[in-house]
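Next come two complexes built around chain A: one with chain B, the other with chain C.
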Partner chain A sequence: MTARPSLPPLAALRFPPLPRALHPGAWWLWALAMATAAGRTTNPLLLTLILAVCGHVVVRRRGDAPWALAFRMYLLLGAFIVTGRVVFRIVFGGGQGDTVLLTLPQIPLPAWAAGVRLFGPVAAEQLLGGFYDGLRLAVMVVCVGAANALANPKRMLKSLPGALYEIGTAVVVALTVAPQLVESVQRVRRARRLRAGGRKGPRALRGILVPVLEDALNRSLALAAAMASHGYGRTGRIDPATRLITGLLVITGLLGVCAGLYGVMDATTPVYLGAPMLTAGLLVAVAGFVLGGRRLRRSRYRPDRWRAGELAVTFSGIAAATLMYLTSQLDPAGLYPSLTPLTWPELSVLPALAILVGALPAWLAPPPALTQEEPEPKPVSTAKEPAA
Partner chain B sequence: MISFEQVTFHYPGAERPALADVGLHIGEGELCLVTGATGVGKSTLLGAVNGLVPRFTGGRLRGRVSVAGQDTAHYPPQEFAHLVGVVGQDPLAGFVTDTVEDELAYGMEQLGLPSDVMRKRVEETLDLLGIAELRRRALRTLSGGQQQRVAIGSVLTAHPRVLVLDEPTSALDPTAAEEVLAAVVRLVHDLGTTVLLAEHRVERVLQYADRLLHLVGDGTVRDGPPAELMADSDVAPPVVRLGRLAGWRPLPLSVRDARRAAGPLRKRLARSAPAAAAPTAGKTLLTGARVTVAYGGTIAVREVDLELRAGEVVALMGRNGSGKSSLLWALQGSGPRRSGTVDVLGSDPGKVSARAARALVGLVPQTASDLLYLETVDAECAQGDTESGTAAGVSRALLDSIAPGIPGDRHPRDLSEGQQLALVLAVQLGAAPGTVLLDEPTRGLDYRAKARFTEIVRRLAAEGRAVVVATHDVEFVAGAADRVIVMAEGEIVADGPTAEVVVSSPAFAPQVAKVLAPDPWLTVEQIAAALAAAAEEATA
Partner chain C sequence: MSAAGRRVSVLRIRPRTWVVLALASAAGLVMFFWPLFAPPRPEAVAHSADAPLIFVIVMPVVLAVVLAEMSSGGIDPKALALLGVLSAVNAGLRPLGAGTAGIETVFFLLVLAGRVFGPGFGFVLGALSLFASALLTAGVGPWLPFQMISSAWIGLGAGLLPRRVTGRAEIALLACYGVVAAYTFGLLMNMWFWPFTAGTDTQLSFDPTATVPENLHTFLIFTLTTSTFGWDTGRALTNLLAIVLVGPAVLAVLRRASRRAAFDAPVVFDPPRA
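Presenting the complex of A and B:
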């Protein structure tokens, strides 16, 4: 977002685009837009279509990095959510319905638990209601999972606005130091046996904690000195007032964005919580970022630029969400299939088209640059040795 | 380029200054080697260049330090990033990011360089240091030499005029050290970078140095051409000591120079031979058969057969990651062993309790301080006695025999590296193991501490123990070991008497062997003895 959109003339665009990593922000915008679209409907046909679209895009455009393989976990999580919702409806009875499928023996509860019913008759309406609700939530979760699989989380950190640079650095350092700490604990634990010290219990804890903490402290000091001599915090001398204002603006703005997103995704919230809140929050946050970014004279190595591919991905997501929004205003009937009376969900043209627009990135986004043909990194040579 | 004007520096609470009235002017494109025993203030001198001393260490600095006219008193270390590149001893501890390319770019990002300039400099630096094929690798998966070169690269991309290196090759095997030094020398020659380099293993660097800064020990610095200062320096590599012994003028600083001057010496030595090591083969204390260590899919040690006998010192050599540590840990019984047997006087240390195992085989790990966790030396010794089940005072007595004069109320973390090693060794010896294994004990030891350590190791063996020392230090091996085992990729590739194994090896030969090859001389002491014997013969 720090990079200026530099769009090449149309003639320079070739199809298919060259393999490259897309700006992670584009994938996140697309995925959030798809999640918004999913939030506007409980129609299982439409929701399944969104699921299919997300899956298709992920399979066609994910790289071979470890996080890209996490998509399966999100699918499992989705399945768990749906099953959980349905099982809950069976156990606690929840909604009533006329079409009783089977009757389970009801467990009598004491009087103070009035209003709660355990088991009893199971109606089709109640099961379907749970299924629709669960499916909507599951699909939204899978959309987020798609973003995680498609966007490189480290590059996402790198594209944080300048005002958030310190937070990004802290996260990166933490990610690097955590495995070192684990390694340090393992090393000392193993070393304990050399003095015939136990590996458990409060006595052992001290024997492990002291060397590990000393190690961690030394490392942090070395890291701080290294960062300082690399020039970290070179231009960080600003007056506290500016820093306070920047922080306030950014945090208020981000809170506003969160509330706004919630409003947009949930159709039952008051209107002012939706788009207006989102816009206001964005404006405040951007003001904070600009103010904070002005004092920094830092630059980015190989920044992700916002190019045609990114625009195409973002637009297809936003188009899908907008079309769904329009449908919900014009013809909401098809989006929320009726439970009483029970009807088959219908698939109307406009929402189906809207969701299919969201599948365009599967072709329009540049394919990921695979790293497979490079030699596989050798296993850690030092960690191989116990004492290293 | 760098100037120190009457610089005196006191650490907080220290009685005598770490630097006393130091005045230096180091010109552009010079490679300055900083030598001195442990704890005389080499790191202090280096840290003062960009202001990390005193800003990160505390203490009081008087006088003026400036780089390219910029005074460290007026600017924080950050403002020196474009002038001074600093690389520490442990590169891994100084890495901020996690991949090679990002690390190279990090410093430039802080300086706010435009992104096309950064891209160009990253590519140039990758080529300059020969690490282009590593660009996308995670830093943690690199070998020590590669990590050190990446660390140098990460400061070079900012195009500093001065490069400060604190013991860049101490933790490296001889080949990796060569790689790093070749890269540094190239910088001096091609880019005119001023390099200030501190190193314990002077023999590795001396030949490249234009100028020597020798810290005497009282805070003052002797400054001059290497050949001149080396004539009477207390920190001298074997090639210099050989030159002094043979009376060569000018004093040779490299093996190449010494070889050219060595003709007459070789003739004088023609009729003598190194004193044959006394046949030490005592009874077998430890037998390992088909010892295999595997971590997941990687095999660290592959079916190694090994026999250790009483009274011998065995050096275990091999590049970083060749399985030396894994083998030691497996022999001691605390590390994993996939298959194979270890037999120590009839029992297997891997199958008995930890207490019994340490009475069979004692191991001092690479980071000896991992074993220390109490507040005072005396407390550690007492705890050691309880652990070993011996009478009170045994560990302390052992410590006094190894390294006399360590105050009992001192905190173990405040000891020097050599003293910490002695303390851990004393605690481990308390259990009276017949076999003692030492993993990389010599890194961080200066020449004097190393000579003392050599004596200790020889004494342990003379008392009837088998001693194994895993090390990269070829000069230490030449002086201390009877037998050398070389490992590569988890297998033993050479096993034999020291002279036989090291003399012919380009990587593991000590300097004296290189100078006098193909004759099997290893140390200056051997030659001194032979010359003395020859002189006696001549007078008789």
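Presenting the complex of A and C:
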């Protein structure tokens, strides 16, 4: 190791990378690209591969923050989606398909229910169709879950666009206040116990909720006073011309979005009123949004930068999605296994390779900086800790 | 209760913002109700598998534009701190009941706060509460922007209820609104989940070739059989009970905070003296 850590260009390129928090945007882009890749196939083998890739990256690169433990919840949600789909097919399937596996007793619903009947013959095509569809949706949800587990939401809020600065600040306040509320509830309950006011039911609810709410609102006014004394809210004058252009852009853009949605929904309108109109409207609205966000210049404390690790993570995700898209153009048969006639799903090389490219962040991304275990605990600070 | 009739609007909605809000709401409603009038041509963009995915991208953009427009005049620090703290309380209330027979505690405070602080504040609070709660309990997903705009509409509606009603009548009005809001929220989210849950090939799926009333009929059966009696009724009952039992006390607390914050008082900065 000739490179010293103080040299930024060499330190940034060393392998394995030094532990640090990756820009949350990189994780989100990677996860959304993986979700896009999952959306292009219903092949259960490929979908399971994507699931494995996401799981592997999450296990190798998540930190020890509370949100890093969320991945399991998304896996459970995915399982729920798949089960729900299959059960729905069994109950409301209506018996389409040739390969009948078993026949359940039918329950016809009354006339107002338009002749819907419950249960009846259960066909393999239906079950598999529900399973494939549900699995695709579940894997897309799990990809989003991977982003949730890997990206730090507080840092994500810091990099919100300027137009959403106030909204982002309110969310930061909410995330910071929430743990204090738990402490507030405990304090109120302790006080109630000391007064022997341990009744249950609605009175207890009122007895806890109202003091906690009062406490929270008082705290918010104190916070507002602190913010105002630090100069928050003294916005500069906004140029009237800029305001006018911003408003025009936003309203024109939304009109375009409405027209585009109408065009998409109505089969009789010309094609240019559909998706192109929708896209154009969105672009114009976003332009107004960006322009509106430039009214104030704000400095940032230690901003997250895009460095080699971020680029590697983003590119591996986009490469996976692009390769999957190419596959769907070249050889779509392997991506959508046939249900009529029933066939075994097959695994071909190109899509499998595409998905494996998405696993590269497990090695290329810098490992997270853990907060719990210090590498070398300083004896002085640990000795002081219990006393403090 | 002297402040009950006073009109407080913490986040003032200017005429331009109303236009943006109306357009965005129209677009939002279409993105919820598209299965009712999905076009029959298979090559259209609204292909049954692709349309929800397109809307999943469009909805966050529309929501971001509206929220930016709402805050474009600059939010008062007091309103901002109140927004943050009330969102945190809402987000903290949400897991209290989630999962147990549809007891949903997130809406009653939203309705009460929307009533006290006005439609603009209610809209932003509704969106932020669900966003903060999703970040805290890790529920971020494609459904989040749709939940956010639904609950934002609930907050907006609570702020738009008639002002003159006070006392017991006010509580009754808010309780009724809470029940309606609970069922509407359930209906909207069901509408959104419908294409995802039922797919396209069951008896309860939407049919692109059918007419709007036929699809609506199918949807109503779908929502009745899957959630109306469990989740939605549980949510409506929670709202009703919470507003009736703790509504008056919470309203008093919120109005006291509103008075102390003195949102109506004009802020004047003196020019620096030489």
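Here are a few things to note about the model shown:
Just so it is clear, the second predicted complex is superposed on the first by the 249 of 388 C-alpha atoms of A that agree within 3 Å, B and C clash if a C-alpha of one lies under 4 Å from a C-alpha of the other, contacts with A are read in each partner's own complex, and residues count from 1 in each chain.
Keep this in mind: a contact is a pair of C-beta atoms (placed from the backbone, for glycine too) under 8 Å apart; a residue touches a chain by one contact, two chains touch by 3 or more.
For clarity, every value in this text was computed on a predicted model and none was experimentally measured.
After overlaying the two complexes on the shared chain, residue contacts for A:P270 are found with neither chain B nor chain C. In the superposition on chain A, A:R195 contacts chain B only, with no contact to chain C. Once chain A of one complex is fitted onto chain A of the other, the partner contacts of A:P341 are absent, as it touches neither chain B nor chain C. Legend: residue contacts after superposition of the two complexes on their common chain; A:P108 is shown touching neither chain B nor chain C.
Applying the stated contact rule after C-alpha superposition, one finds that A:Y301 touches chain B and leaves chain C untouched.
In the overlay built on the shared chain, the residue A:P240 is in contact with neither chain B nor chain C.
When the two structures are aligned on the shared chain, A:M227 is found in touch with chain B and with chain C. More residues of chain A lie in contact with C than with the other chain of the pair chain B and chain C. When the two structures are aligned on the shared chain, A:V210 is found in touch with chain B and with chain C.
Comparing which residues of chain A touch chain B with which touch chain C, the overlap comprises 169, 172-173, 175-176, 206, 209-210, 214, 218-219, 221, 223-224, 227-228, 232-235. The touching residues of chain A, counted against chain B in their complex, run 154, 169, 172-173, 175-176, 179-180, 187-188, 190-197, 206-207, 209-211, 214-215, 218-219, 221-235, 296-303, 371, 374, 377-388. Remark: chain A residues 39, 67, 70, 73-74, 84-85, 88-89, 92-94, 96, 109, 113-114, 116-117, 126, 129-130, 133, 137, 140-141, 144-145, 147-149, 153, 161, 163-167, 169-178, 181-182, 202, 205-206, 209-210, 212-214, 216-221, 223-224, 227-228, 232-235, 243, 246-247, 250-251, 253-255, 257-258, 261-262, 264-267, 274-275, 278, 282, 285-286, 288-289, 292-293 touch chain C in the complex.
Here chain B touches chain A in the complex through residues 50, 52, 56, 76-82, 84-86, 88, 90, 92-98, 101-102, 105-115, 118-119, 122, 136-138, 140-144, 154-155, 158, 295-298, 300, 320-321, 323-326, 328-329, 332, 334-336, 353-355, 357-358, 362-363, 365-367, 369-373, 384, 387, 413, 427-428, 431, 439-440, going by the rule given at the top.
Contacts from chain C toward chain A in the complex involve residues 16, 19-20, 23-24, 26-27, 30-31, 34, 37-41, 44-46, 51, 53-54, 58, 61-62, 64-65, 67-69, 71-72, 74-78, 80-89, 91-92, 124, 128, 131-132, 135-136, 138, 140-142, 196-199, 201-204, 214, 217-218, 221, 241, 245-246, 249-250, 253-254, 256-257, 260-261, 269.
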